[in-house]
Amino acid sequence: MRNLVPVLVVLAVIAGLWYAAVAPMNIRGALMVAERSGETVVPEGTSTRFDVSVWKLMADNPDHIHLAYGLDRPRLPTPGQVAGELWASTGAMALEGNGFSNRSLIYHGWITLRSTLWGFLLGTFLGLLGAVAIVHARVVDMSLMPWAIISQTIPIVALAPMIIVLSSQVGIDGRGVPKAIISAYLCYFPVLVGMVTGLRSPDRSQLDLLKTYNASQWQVFSKLRMPASLPYLFASLKIGIAAALVGTIVGELPTGAISGLGARILIGDQFGTPLAIWAALFAAAILAGILVTLLDVTQRLTLRRMGVR
Amino acid sequence: QDEVTLQLKWVTQAQFAGYYVAQDQGFYEEEGLDVTILPGGPDIAPEQVIAGDGADVITTWMAAALAARERGLGLVNIAQPFKTGGLQLTCLKSSGIETEEDFPGKTLGVWFYGNEYPFYAWMAQLGIATDGADEDGVDVLRQAFNVNPLLEGQADCISTMTYNEYGQVLDAGISEDELVNFNYLEMGNGMLEDGLYVLEEDLEDPEFADKMVRFVRASMKGWKWAEENPEEAAQIVVDNDQTGAQTLEHQIYMMGEVAKLTEGSEGALDPADYEQTVATLLSAVSEDNPAITEEPEGAYTTDITDEALGGDM
Amino acid sequence: MLVAAIVFWLAAWGMNVAIANSPGRDTTPARVMVPLMFGVALLVLWEGLVTAFNVPGVILPPPSQVAQTIAGSTGMLWIDFRQTLLKGALSGYAIGCVVAFLVAVLIDRVPFLTRGLLPIGNFVAALPIVGIAPILVSWYGFDWQSKAAVVVVMVFFPMLVNTVQGLRETDAMQRDLMRTYGASYWQTLMKLRLPAAMPFIFNGLKISSSLALIGAIVAEYFGSPTHGMGFRISTGVGSLSIDLVWAEIAVAALAGTLFYGLVAWFERRVTFWHPSHWH
Amino acid sequence: MSGAVVSARDVDLTFRTNDGPVHALSGVNLDIGKGEFVSFIGPSGCGKTTFLRCIAGLETPTGGKLTVNGMSPDEARRARAYGYVFQAAGLYPWRTIGGNVRLPLEIMGFSKEEQARRVRDTLELVDLGGFEKKYPWQLSGGMQQRASIARALSFDADILLMDEPFGALDEIVRDRLNEELLDLWARTGKTVGFVTHSIPEAVYLSTRIVVMSPRPGRITDVIESPLPAERPLDIRDSREFIEVAHRVREGLRAGHIDE
Amino acid sequence: MSGAVVSARDVDLTFRTNDGPVHALSGVNLDIGKGEFVSFIGPSGCGKTTFLRCIAGLETPTGGKLTVNGMSPDEARRARAYGYVFQAAGLYPWRTIGGNVRLPLEIMGFSKEEQARRVRDTLELVDLGGFEKKYPWQLSGGMQQRASIARALSFDADILLMDEPFGALDEIVRDRLNEELLDLWARTGKTVGFVTHSIPEAVYLSTRIVVMSPRPGRITDVIESPLPAERPLDIRDSREFIEVAHRVREGLRAGHIDE
């Protein structure tokens, strides 16, 4: 809360800069519109203007600058336009009762969310499993850990189409599952690394203590390693869910997905409707914010219940 | 009812109106078929989908299908609803392009993903280098499936389909007299677009062949219905669009343009068209872009269309 | 074939178990051998499965075929590597990291900015920034510049957040020590806070390195010249040259691993003093 | 001397490290009788902790013979023959004080009622009744250390091994805990092995003081305390006390020359 | 008393915290003359560290008047009037021992040769000649603490402020460092402010012992030491020493009652 004022100020500054950038970014489009409606524009002809700098265009056509703030297909929309589009494709549609139609970002957000959650679950599960194995068996540690790192250097985008085909071959239709797999692929790594650290966080004397009780491996795990790793777990889950969302969106971008926020971005690109891209981008940002915040709240509640400050 | 899965080459749009109409109007049902239509998109290769058993039949361009065939995937053309193609290169006059001679030194946007073969064939014919190293060659830009490069002044020419991207260029505010179009078909480099392809080995099964006969018959019925009722067909397409991004207005435009391409076809492949496609491809075999290197065999069959359409004729 | 592959796999695993429990397990050869064996065993298993189940090459080629493709198209792979990784990813990575570092030092100097920008930076670092790829490609054109731009934006925030956090990492006593010397801001920065921030800075550099790879390749899907790894991968899928796709994947993974290793090596040299290296 | 609770004969322990072998213990001979309070004192690195860990079966001597209750230390560990108190309290922060004291009881499979009873009693014993539901960070360092002693006492082993339990506390709190520990020892009659750095502490608490010296770790002196069993705090100003302390200091200094 | 190096008049310091104000210091009056060795002793939380930090200008009193060398503490800090030794050695792990000792010299802009000379001399002074190129973790705790003292001495300020510098060390090493510190003080004639928890340490080192008590932090007793300037280690077994120690312990216990 202490940070509220500075954050708002910084946001305001960003919005201001953004707003100022709209004019130069969109001046060409604005002049095209002006020219089509019969106004005089210097110089004439869309393509002749390609060679003129935006600053000169703005200086020469001051009367038309305002058009840059209301283009249908702006290179850079104003914050207001983005908000308007976002509202039109979420809230407004929900009010009309169309919240779940395929034109609504709520629907597409839900598709993305679903894949993200599945990927997150799968990735977290794999990450936890790997971490437990790594902590308990040296062979696994030595064999797996380097490959876990290497796995993250593989451009997952390249695998996306193949994952789709492979999973359809084993009888899984649709793109939900492949997307979840990609998102799990990006998600498992932070969980694995975080949990290896977490499960190893008990120091020697804490482990020795249990040894003096002659505790079994399982007791060491359940009574010491697991609770000790909880703070690490949450930290990695927060990174993990963000990674899972990136995974889903990357999975939607080049795989020709037809629904989901990534698909909206892609289709916005194909149809030349930048507003749709921006709205989908912001929807994705909001989704990420919600997910991370939810985990944050869960973390606070859990840790407080466990008595950790 | 027999199940059939159709993988389209692109997203749901009037380009595939015939199939959506056939499904919507119950033509498939009449033939005892339960058809699932899978929309495609960039980086969905129908050839790969069918290889992975994800579909029974696909629509694709003949060049891509022949290329896949040479790589060991036994694709066979069973029908060709598109008589002519809509692919063209759209250039800005202001870039100084009037004719083919003006290309050297220019930047041209090309679609890849199996759509590049006609372009390379054409350039080979013109003797223009495409590797970007040659002064007198052209710079090839792998164009995403949009028209931004032209609008942003990043390319002098871009690929468009008459029924889609060309409309987008006009919509964006560039007028027709600022543009020059090179239609591949008119240049003699046309290649068959959007045919129906199945796997050779599937076709050996008479039951499957029979299914395809009925499928092609119903699909063509859908196409003809769409040609006659463009507005309704466009509406059907929009209703089937899961992206929620298609507009009726644009689909009506597209339907009108697509109808011009399907008009001449009853569904059967004209062997002469096939020969021309193969000849064009073979005329332009190059290191970089070998679509095919030798004359394909058994790449099409007219058996299905003969049986499907024979009755009507 | 499959049986042979499985037998090989089991043997390799058994050998790894033996090495991992032997006294020499902490030596460098052991540290290299074990993961290497694991990887080789995986490849053999892949080869065995693909041949045994007759998986078509257009779906999943066996590693042997991929190896042949790599050997046969080094020229093309090099061109793609240069375009995507050297021009797109590396330049974007360098610009993004350097700028983020400078901005971090700047906002660290102004508490108001730290408080205002850091929460935002933290938030943005968690966003799926790849989504801006189409926008930046339409702004900066289809060549490597737009790829670099995507990478700059993607690596900026993780780097910023890590650096700022690192600069705050010194404990109160270390800072007080500087105060007892009446040290200036710059002296404190150069002699205390930067060295202390190094582990964090390197963490940022490591995270950014894999982001840069993804960013550069994804951006090529939205327009590129006729070379580049993203270009080759996507057209490779289109023309069913899946072996070429895997060849590119292998190059990317190799390059990514080498780069990561390089950063890690520098990290060890620079932060040799940090307890995390002691074990 | 089979009657001894702990019996060490020529115990050696060498750690292999990257920098070569470290002789942590060399030729250690010692018997600890039932009910004795034996302190180990010596400069850092002389092997006090190592020897205590050997007794506890946490480290295995590389030479010599060591028995605990007539068994090998490892068997004794499995038989849960001792409670061990580490230097830092080492309470689990996610467990309440009660939960921490209950930890060994859970692991050893005591019944729920028995657990509850013992937790209550042991906390009472170390004067922490009423703090059962509190979390470690809600207690002062001294109270935390008491809780960790309670944890070692809860399952009522006959032997108590303590490795610098009060090292982190300030002198006054330490005095108080020393007094209480002595009291507890007198009441329960446990055998105690106690590692410390502090001469007054060693002298005040022990019936016998073992002085050790490093490189290699060995016993240089064993001092019997002439002090009576009853020891008020100000016994530390007494002549006997000062004499014993002096002797310990001399022993220490002798072993320390080489550093 | 303007001749005093440190002069405190009614110094108050209240920290504002989320749980309300903490009265760390209240009405502290003290003068430290040139060349004195003044120890501060008292239970945890009584404000020893806080007072030392006030003298160093690291903390600003909320009331009263405090001067160092006749200046405000902050001015004195900028004038580099003192060297400060923290409880933990706090060496920068990325610098060698020599580099650490050189740190203040670099900051204060000594010439390269002067730096090298002083580093060599000061390390010699604390008996660490030859360890210049080693990194902190390659040294034992005692050696690290000596290095941190060298760091505080290198620029030769007249005042030396030390906050429990030997708290983390074992008794023997501590004894040795105490001896060396005393020697150094005698040779250099510096004014020393020294915080400790250990009664023997305070008594052994100081010309004056300030006993403090918490809540609010205040001075409860100031004890002049009758011990001679020359103090061999075994002076600690002498009657005077024990008497002073006893008095300090009584003072401490009095202030400790409420805990």
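All chains are identified by letter, namely A, B, C, D and E, in their written order; residue positions are counted from 1 within each chain.
Heads up, the rule we're going with is that contacts are C-beta pairs under 8 Å (C-beta built on N, C-alpha and C of every residue); 3 or more make two chains touch, one makes a residue touch a chain.
Which chain is which protein? Per UniProt: A = ABC transporter permease subunit; C = ABC transporter permease; D, E = ABC transporter ATP-binding protein.
Because the structure is a prediction, the values reported are computed rather than measured.
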| item | value |
| --- | --- |
| Pair joined by the larger number of C-beta contacts - A-B, C-E | A-B |
| Chain nearest the overall C-alpha centroid of the shown protein atoms | C |
| Magnitude of the superposing rotation for chain D and chain E (Cα, nearest 5°) | 175 |
| Centre-to-centre distance between chain E and chain C (ABC transporter permease) (centres being mean Cα positions), rounded to whole Å | 49 |
| Centroid spacing, where centroids are CA-atom means, of chain B and chain D in whole angstrom | 84 |
| Approximate Å spacing (C-alpha centroids) for the pair chain A, chain E | 54 |
| Chain D residues counted as touching two or more neighbouring chains | none |
| Where chain B touches two or more other chains at once, by residue number | 42-43, 45, 48, 51-52, 144, 148, 152 |
| Two or more partner chains touched - positions in chain A | 75, 161, 165-166, 169, 254, 266, 268-269 |
| Chain-chain contacts as defined at top | A-B, A-C, A-D, B-C, C-E, D-E |
| Residues of chain C (ABC transporter permease) that touch chain E when the two form their complex | 173-174, 176-183, 187, 191-192, 195-196, 198, 271-274, 278 |
| Of chain A, residues touching chain D in the complex | 205-206, 208-215, 219, 223-224, 227-228, 230, 306-309 |
| Interface residues, chain D side, partner chain E - complex | 43-45, 141, 170-173, 197-199, 237, 242, 246, 252-253, 256, 259 |
| Complex contacts: residues of chain E adjacent to chain C (ABC transporter permease) | 53, 56-58, 77-80, 82-84, 86, 88, 90, 92-94, 103-104, 106-108, 135-137 |
| Residues of chain B that touch chain A when the two form their complex | 11-12, 39-45, 48-49, 51-54, 92-95, 144-148, 151-153, 168, 171-174, 178, 241-245 |
